[in-house]
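All chains are identified by letter, namely A, B, C and D, in their written order; residue positions are counted from 1 within each chain.
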């Protein structure tokens, strides 16, 4: 089964998700500069969510690039990932409109945590679909970064109940960790190409 | 005529449909956990519809994969399918906002029934467009699963007038049936590839 | 310059346009069957516009299929077409909400007329971009169908000021004319392929 | 790393942005021709923004066409560009609803300026990613047009505080400058192809 349509559909869904979030930033009726202030938290949560969806797109790109075959299970593992990512516009709107209240911060993190789990499952399903020992399995075999970020999400969600800003700080930290693209995959792929395998 | 743009356009339409449904889940103004409860039925109908559109995308993927040629009739049979699927966000919003009332449950089922019929017509049109005896015709020749699900839809719509939850149960049953991907096509394609035909 | 991205971008824009129109069909608050009646004109105008955008996608597909080269002018002729088509959700919403009033009927037709003109210009620009005598120029050289539909649009817009339903009838007639795909292009392409040119 | 998905994702995002802007043009409740007048500024700002996004798509198309390789930095430079472009629907809605007030005109220009800077950065990152002396570096080596338009943006934003219409005039002038496609790239690419390099 070709991976072309899986990539095309995922690109389409992620492109729609990343852009419909901006619809939550409604233009104010007033025309003064001060009229933009109430939108500031909505804008900041938009920026954070834009970066997160950019991270998912970028990592999805790297993941599928290292894959040769997809199967029916991979289609559904991919839809499962897209489902949790598709909830980000909702949690972003709630977070942005709440002024860092406890529950919107927590639910924002829970959706991020479940999306990260879904990404982890997708990677496992894709590895299982490859024949023999794959490049991908070598590249993400001991996937420390995912485990670390799952831990930070859990901690951030918990701390968010004490101080909501600490929850948000945790999400920002994970974003920074992931902004560094998955160089392991890039490096091993490059090495494989050079080795002529 | 190449099938590339038919796939690309369908991917685009299905990607937009699956994601604009989430716009119906409006972020509540309150920031308590309890504020999420009124959204629960909207969320559940979103989950069901997300799975349904995922099923259509997955089966559409399998169907087109087994096809070599498309013609003008196939373009329109495909648009006909996309039309009924495009109504799912509307019926999902009505169902989610109604708390399992009789008519929203019935109309939700009618649109699913018509989408299933449209999928059935598309498969027939695509088979007719292939030259000679095609892989696709063998694969979906006796399409029991479609006939069975049309029957369940009809029963679920009828029973929904007695007890709306029975209608929804019927739709969930069809979703479970279809979640199992069309292994017949996968199996026969694999067999064909191995036989070297 | 490759035509791949021109097709991909057009597919994306048309996919979004055809699906965001359904957002105008808002789910009623009431849950009776009668609650659907006020939506009936919105639904009918959605059906008509869905068919029109399907026609544009289908004809765009045929047009680009017959083309070998695109240039900068073709990119902008294509964007010009997409601009007028992008106004269809607006005119559809006004028409659907107005109950066949005079001006919404007229403006709906004016946008269709301008989209048809833009399609005509795009075809001319694409012909001019081909080297020598192209298949496309032969296929759509004497483009009677476009001229006829421009005439019907003009007549329908005028008659719509007397009786709005006559305007709508005109738009339906043009849709029926175009629903028949551009068999001239298909036929000549098929003949060319058989002749081995 | 292949540039195919970078193009596909960018096409998707730009296609969604260019079409969701039309959702801001809400159909009036009245059905008279006069009911369209209050929408006129919204329509005009839609036209300007449609042209701007068309320009970005067209130039993005030319830029990627001249590129052979993309890397991780290019993915993020591209997402950075898409971020600023994704704010155009918001600034368009504020501008269109304000009747040429000072701050909406200024913010509209600031977002355009930042998008132009992001495009400039993307071009630099892409040049750096090519091995040796690339066609692209020759083509946009002395990128006068970008520098000129950054200057006009800055002047237009400043003048807009004196007379808002002067700001808008500046944005229109930049659009006209960019409407002329990047013939330098086209010319050098054509020359390269002819020289058989």
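Just so it is clear, a contact is a pair of C-beta atoms (placed from the backbone, for glycine too) under 8 Å apart; a residue touches a chain by one contact, two chains touch by 3 or more.
Fair warning: this is a prediction, and the values are worked out from it, not measured in the lab.
Chain copies chain B and chain C are related through a rotation whose angle, from the C-alpha fit, is 90° to the nearest 5. Residue numbering shows that chain A and chain B use the same positions for less than half of their mutual interface. Separation between the centroids of chain C and chain D, computed from CA atoms only, is 26 Å. Centre-to-centre, using mean CA coordinates, chain B is 37 Å away from chain D.
Within chain C, residues 8, 12, 15-16, 20, 23 each touch two or more of the remaining chains.
Note for the complex: chain A touches chain D at residues 7-8, 11-12, 14-16, 18-20, 22-23, 25-29, 31-33, 35-36, 47, 50, 54, 57-58, 61, 65, 179, 181, 183, 186. Within the complex formed with chain B, the residues of chain A that make contact are 1-2, 5, 8-9, 12-13, 15-17, 20, 23-24, 72, 75-76, 79, 82-83, 86-87, 89-90, 93-94, 97-98, 101-104, 107.
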